[in-house]
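Read from first to last, the chains carry the letters A, B, C and D; within each, the first residue is number 1.
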């Protein structure tokens, strides 16, 4: 899964969609509703963003994933997206989980950045308890004392989840690293550790991104990374 | 502010209300909607709980505070409660913060258990940006490696907040400690450090509490603690 | 216990000793051997520092505490100091603990900044196992994600230690806070929580201190703080 | 680098040495001096352990690495070992670092479990400042809130170190994971992320190990892991 952090314009999204699909990504990501630390930061294009995602989905015949933040927007977002994303800050937003669980739409549940693996799997129970069993969980880094990265990617979570749960687990190296130069090494590690997928931020022009540009790969860097990842996957008997 | 973690029954709430008021508490707390880690735990009495809180408020002429968890319940909860509480797990639930901010009702914003002080004050900006300036913030412990408590009460947050913000800051020693035996020492420390208030869990019969019994003080322990706190407050020129 | 982080000169130490004694401190602190993060920082006056401490001890008739960092310096340092300090970075330096344990000299054992309370008490066992039972333990803040302080003072450790151990526990607010403006509030909290003492950095001229000037109180700020602490101690039935 | 956590007997060490060499390990590890959290745990065979290591080195013609814990044991240990190890708990034991730095012997410096990467590289400066430039650094997991592992392996540290330092960096998955079942996935991730080596605990009979048996691989599990690691290394253009 790859694409820009936020949907910004038709041009930006279509360029990104084309490039990530060509490089081998099978799902397009893009945020329409952005939960931001400050109320004065760009909050996403909202409904307009959903429409652009739908347009890209149709044009490139690629499924899309996008985040939902309000329990009462679930049915609206589910009309446009193939997978609903619940973000790290909402991992224990139980009103949202219950609403998403009822939708029966595939869900990607990000790990809260200070949640234990037990709390994360228990949050997934809110989805399962409503009868929604199409749940993917996503490690995206935890908060530690280390200052050289935004979050410390908890690579051990991959084998721990594999041992205690049947849910597919994917890894988001972009939000963890916070810097594009660290993304490829963490992505390679995730595949080698046994992750079932990756969620990577890619932007046609990271320097002009409205959100998280510093952690986004360029289109060509992403293509190069995909080549590396395919080789590692093959070496452990898996295929991308 | 004192009272039971969850409203369980008329008898339980009225007993607690009577006792905390007699011991000197000025606001009654009680949860009607309980955000629980697991979907299979008791989730609160919901609307029935709100009605019991309103009954206690009228009978004892004491203001009440209770938590709201869904942006679309804000106006309902605001009919029954004098102060709306946003819990630690929802500190960055921006849809909820925006809705609470629009209500113009006094709000207590708990610190997320892995949020920096900067993120906490920036979350408060979501309330202030909607024109709601009756905001109290509440330190309730942060997640660390230490295992002898549920959360480590960050006592330094009190002087840090006093230095960088004009918002009143109170301390919840009960959720931090996780055990009643540690609550009095932390409560005394909070008053000595300059906190503007406390939020303490008190239950007529902690052993039978449906939620968080182990960290609740008995009615008599709470009365004894209030005597200690009054003495400390007086020694630093403040009054309870 | 109060005094400068590092012994720098006769003038500095004698001024500090005089002032802290007048304000009511009962033990003088001062570092002769300084364990510094970088090899290129000031490492202390070493033996010359010990001699200055001995001079202040004699002149003012006040006991002194200083740090020892090498197992083979223990007998040397014990000639000059009344209390040996084992620093946070050496809490699990078992060769040093064994050597200090054998000396039978009173010891102050600081908590490692990422050690659990269990590990801390178990480190004290290295001293007790050698027959040294004059052990004081000192909370000085733990490493967390919070960025507004150098370390987060774990106020809960005071009641936890009181519950599980008979060892006296004191608190060092200076190294935790990392900034003089936060020291008084944390010191007051420590006394209110039941700490048996404090270890505070005081310097005649913090702006010119070679080590940790930003967290040192001036002589007059220290005197003012002592007045506040005496009032709080009295309010909970203790005396300074 | 592979071998038992502690040298326990001639039979144990020789069996382990033979097996790890056959599987492709190029350096034998084994602890003679064991820094243990409690003084009542097994502390290592000390000088006898060094002699057994020297015997294995001669018999199998394989270099050995072992830990040194006291600054005054450095020259003794350097007689028997090809690489001196400074453990995580001693990363900021500056007396030890200075002594090891003076020896000019190759050194492996483990990361303190709560040290930032900056502090870790600055600790290496203590070695470099004494003129010892044969320094390998070793990531072994950091302390976080996550409870399913002993320490959280900080996989990001590999690319961060590669960016800011020229020192070779290796990874110890065994102490991080704390459980043998997690070691292979973390080891594979480390190679894929670009680590220059691994330090893995292997024991002929983990169930009877005196130290850390639960995290040790059996001889056959280690051989299987080496096959996987060689495939991953090859896929990214490196060789084991």
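In this section, contacts are C-beta pairs under 8 Å (C-beta built on N, C-alpha and C of every residue); 3 or more make two chains touch, one makes a residue touch a chain.
Bear in mind the structure is a predicted one, so any value in this text is a computation, not a measurement.
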| item | value |
| --- | --- |
| Identity of the chain that, by mean CA position, is farthest from chain D | B |
| Chain A onto chain D, rotation angle from CA fit, given as a multiple of 5 degrees | 180 |
| Between chain D and chain A, distance of the C-alpha-averaged centres to the nearest whole Å | 35 |
| Centroid distance [mean C-alpha coordinates] between chain C and chain A, Å | 47 |
| Whole-Å gap between the CA centroids of chain C and chain D | 34 |
| Chain A residues counted as touching two or more neighbouring chains | 114, 143-145 |
| Complex interface listing, chain C residues touching chain D | 35-40, 69-72, 89-90, 92-96, 98, 112-114, 119, 122-123, 125-126, 129, 143 |
| Touch list for chain A against partner chain D, complex | 114, 116-118, 142, 144-149, 152-160, 162-164, 176-177, 181-182, 184-186, 188-194, 228, 231-232, 234-236 |
| Chain D to chain B touching residues, read off their complex | 143-145 |
